[in-house]
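Paired with chain B in one complex and with chain C in the other, chain A is shared by the two complexes that follow.
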Partner chain A sequence: MSAEPMLEAMDVVHRYGLVTALANVSLTAGRGEFLTILGSSGSGKTTLLRVISGLEMPKSVRRLRIGGVDVAGLPPSKRSCTTVFQSYALFPHMSVIENVMYGLRIRNVNREEATRAARQALAMVQLEHKGDRRIAQLSGGERQRVALARAVVTRPSILLLDEPLGALDERLRQDMQLELVQLQRSLGMTFVYITHSQEEALTMSDRVVLMSHGRIVQSGAPLDLFDRPGSRFAAEFMGYENILPGTLRGQDRGYAVVDLPGGVQVRGVAMDAASQPGAAVAVAVRAERLSPGANGPAVSNVLPATLTNKLYRGKYTDLTVATAAGSMRLRRWENTPLGETISSVTWKAEDCVVLAASDKS
Partner chain B sequence: MTMISAASEGEAGPVSRPRLGLRQWAARTNWVLGLILLAWFVLVIVPLAVLFSFSFFETKSYFTIYRPSLNTWISLFESGRFEVTLRTLRIALTVTLIELLVAYPFALWLAKGCRSKTLRAVLIALLTIPFFLDTSSRTIIWRAILGQNGLVNSLLMQAGLTDAPVEWLLYSEVSVHFGLVVSLFPPMALPIYMAIGLIDDELIKASDDLGATPWQTFSRIVLPLSLPGVMAGVVFTLGPALAAWVEPGMLGGGFVNLLSNSIESAYTALRYPVVAALSTFVILLLLALLGAMMLVARRFGDLSSSFRVLKG
Partner chain C sequence: MTDAALSQGPTSRGGPSYWPIWRAIGKWAGLFMLGLIYFPLVWLMLLSFSANPLSGIPGSFTSTHFRALFASTDWHQPLLASVVIGLIVGLVCAVVATVVGRAVPSLARPGRTLLLFVLPLFVPGMSMGAALFIFARSVLDLKLGFWSIALGHFVWAFPFALLIILVVTTRFDHRLVEAGRDLGASGWRVFWDIEFPILMPGIVSAALFGFLMSFNEVMRTIFLRGTAETMPVWNWVQAAAQQSQVPIIFALSTIVLAVTLPLLCGVFWLLFAKLDKS
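Showing the complex of A and B:
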């Protein structure tokens, strides 16, 4: 990644009527970076994408640059970025190849050259034999690829992808995830990818930006977001099954010490430096990081527990246990003995995070 | 036949669940289609065939002679009706062209430019009002407005713009054109509005996003996808314009003779074979024009693919 960012959006503010869609959002992306904007519907992620592409004009923005060029106020056609729409938005009255060469033809590239470039782009998405097909004759996955080829054929600085895999079935989605990453690597193009799926965000991106209510909640490498959520919202969104309320007691050897209801003390990685001893906090740990039994290393947290429910899910088994601090969930990947009883659950201090009890908004 | 199958396919497009229901329904009730075709044949084709065969009879002193001959057709082309035919064609085509140039921008604005839903609903309601009123009563009012002592001339003279009333405002080709353009505006504007309304906004955004100027987006995306509406609008305008009788009669004041006026005078003279031959001639003209238009449209773009927008 070079020193100058490919995308620079500073203090974007946008409102729909009285609803604030984007509240002072700033975003940068480096050359060749795969940046994912993660968030649920209504988080403002699509609005942010449309502000970048120019399809939406923000109420105010301090700086908006694409490839070093100031594009604030420019129409979409004058920006060096293209969008892969969620609905694909392929032109129904054109063939596959006509769709792909559209961006070149309107730039007055001659037909021969445009056809050659379009064929190359189609070969890249493995559709070189379907150039003469009509859009209506393609499957969902093929349409997706045509939309991709059409967007990259003009070699934009940034490719914006608006939940492009949302309409595909599970299997196809996984294949396309891999293909998209390979495509991005081979093109060396900056991708800004929108999704509500944490799985997609984690598997594909160099960096993930988590958004909620028009703000950026957290931004970092996929592993950071997965293992070190900075807030209760981030932990919930990233799929932390166990979030227990507690009271902060203090710090010990770099870990936060928390009193849980029932008089048990646990340790975890402190994510909120502002919390003082005595403050209400939340302890978050993933189901698969919990294990049954009391024997473990010295830093382990141990909580007496009784098994209340067992749910076989094929690849794994989810166990629900009752503890004095509340109900918790364990995930076991190996087969569990039938008559198993659980007297306690245990987990490592570095597998658990201590967060502020409620998010400051 | 093809029209019907195309229409049912188009309707079945966007929603998947009702499509299945509609298909099943159509498959189970094939006799309904048969019945519709039969009724159409009896009510439309048979009278046309009778009309056509009548054109091969002739009249002598107010009596129809039921002996096949080509005399009516021969006299039709010998009696100087070519001039009338040419005038009819010229006026119908001019009116259609003016209509297209006026209605297309209006429909485009109504479908994509008009942001207020209320305003759009009001305008569409206004467009349908003429269908509730009789053409004669809507047309005759223009006499009072365009006449020598009419509203326009009074205003012009009071404003001192002219000394004498402007004569060509009424009972001229200008007033006939004007009357036709006014009364045939809805049938041109509505189908175009529907066709443009069906174009997904995302397609227009995608075109912008890929770098197209507004004009390129219009000429490469909106216009080709709205062609089915334009075709329908032209059919609904050209047909009535060719057969127009009220407007040329009331606003032409006998100075603008069109084929419909010839039909009417032949009718009052009880010369039914002439009526039949003239009517057949108008239908053939319309078919020839539509055929030519289809050819031009095919040149212009693959029309069948434009209809694909209906199927999403």
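Showing the complex of A and C:
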């Protein structure tokens, strides 16, 4: 990645009437970076994408540059970025190849050259034989590929993808995830990808930006977000099944020490430096990082527990246990013996994060 | 229960509670109506080829009346007036209805606006004709004739044209416009490359319908024509004035029918068959 960022958006503010869609959001992306904006619907992620593409003019923005060019105030047609829309938005009155060629024809590329480039783009998404089809004759996955080919054929500085896999079924989605990453690597293009699926964000991106209520909650490498959520919201969004309330006791060997209800002390990675001893905190740990029994490694947390429920889910089994600190969930990948009883659950301190009990915003 | 209902599906349309006699009644009533609509038209066509059309019974077929019609030049002027007014009305209808029809779906309450536009369809032709007569003469200071007729026809045909345009504009996916702009097209380019071709069947239909509405109009024309004559007015005047002209009128009506009916079929084909394919 070069020093000059491909995308630079500083202090974007946007409102719809009285609703704040984006509150001073700043975002940068490097050359060739796969950046994912993760968030639920209404988090402002789509609005941010539309501000970058120019389809939405923000109320204010301190700086908006694409490929080093100031684009604030420029119409979408003058920006070096294209969008793969969630609805694909393919032109129904044009054939597949005409759709792909459209951006080139707008740029007055002559017909032969445009046709050649469009065929190449279609070959890239394995649709070289379907150039003459009508859009209505394509399957959902094929439409998705055409939308992709149409967007990259003009070689934009940035490709914006608005939940492009949302309408596809599970299998196809997983295949397309891989293909998108390969495509992005081979083109060396900057991708800004929007999704509400943490799985997509984790498997595809170089960097993930988590958004909520028009703000960026956390930004970092996929693993950081997965293992080190910085707030209760981030932990919940990233799928932490167990979030227990507690009181911060102090620090010990780099870990935060927390008193849980029922008098048990546990340790975890402190994510909120501002919390003082005595403050209310939340301890978050994933179901698959919990194991039954008390024979864990040295720095481990042990909580007496009794098994209350067992749910067979095919690939794994979800166990629910009752503890003095509240109900917890364990995920076991191996077959569990039928008459198994559980007297305690245990987990490593590094697998668990200690967060502020409530988010500031 | 569900399985049973599903397996019955296509064979028992209307459900088991549907009394079968209704279907028979519907069928025969429908056939009767089709006969009532098309029999007189076919009869008229046959009479126009008959030696003695005033008898009302077709027989001894001949093209005499058509030859008499083509020998006469009296009807050229009214036909020309009707065609030119129809073309103007059709064109203006298509343009104005497209401009208005693109705006209506984006209104907060399109229903009310639409009602205002469509209400003239239910205003009696006599009232509208009289009102336009006063308007054209005293307010616009128009000499009654060609242009006042065109104005009256436009007012009459516009609601129909708008309704037709709305069929395509309400279906139009505005995300396509965004996609076009995103790919680098200017607003003008997006309109011509994307929106216009997709709305095209509706625009053409609106123009054709505008033409037909104008071409067939009599009631408002009577108020607005001054001394000008359109095709249907001329027909009516001729038929009322002298019986000797009636066979020619029959022949002329047959020709007009042969032109307008396929046009109408074309409209509906464009609007529904062609549109559903895309």
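Heads up, the rule we're going with is that the second predicted complex is superposed on the first by the 361 of 361 C-alpha atoms of A that agree within 3 Å, B and C clash if a C-alpha of one lies under 4 Å from a C-alpha of the other, contacts with A are read in each partner's own complex, and residues count from 1 in each chain.
Here, contacts are C-beta pairs under 8 Å (C-beta built on N, C-alpha and C of every residue); 3 or more make two chains touch, one makes a residue touch a chain.
None of these values were measured; they are calculated from a predicted model.
Novice: With the two complexes overlaid on their shared chain, look at chain A and say whether chain B and chain C clash or fit.
Specialist: Verdict on chain A: clash between chain B and chain C.
Novice: After lining up the shared chain so the two structures overlap, which partner does A:Gly103 touch, if you call chain B first and chain C second: first, second, both or neither?
Specialist: both
Novice: Considering only touches as defined above, state whether A:Tyr193 meets chain B (first), chain C (second), both or neither.
Specialist: In the superposition, A:Tyr193 touches no partner, neither chain B nor chain C.
Novice: In the overlaid three-chain picture, which partner chain does A:Thr82 touch, first (chain B) or second (chain C), both, or neither?
Specialist: After superposing on A, A:Thr82 lies in contact with both chain B and chain C.
Novice: Which partner does A:Phe237 reach: the first (chain B), the second (chain C), both, or neither?
Specialist: neither
Novice: Both chain B and chain C contact which residues of chain A?
Specialist: 53-55, 75-77, 82-83, 85, 87, 89-93, 102-103, 106-107, 134, 136, 150-151, 154
Novice: Okay, in this complex, where on chain A does chain C touch?
Specialist: 53-55, 75-77, 82-83, 85, 87, 89-93, 102-103, 106-107, 134, 136, 150-151, 154
Novice: Hey, which residues of chain C end up touching chain A in the complex?
Specialist: 173, 175-176, 178-186, 189, 193-194, 197-198, 277-278
Novice: In the complex formed with chain B, which residues of chain A make contact?
Specialist: For chain A paired with chain B, touching residues are 53-55, 75-78, 82-83, 85, 87, 89-94, 102-103, 106-107, 134-136, 150-151, 154.
Novice: Can you list the chain B residues touching chain A in their complex?
Specialist: Where chain B meets chain A, its residues are 200, 202-203, 205-213, 216, 220-221, 224-225, 301-302, 305-306, 308-309, 311-312.
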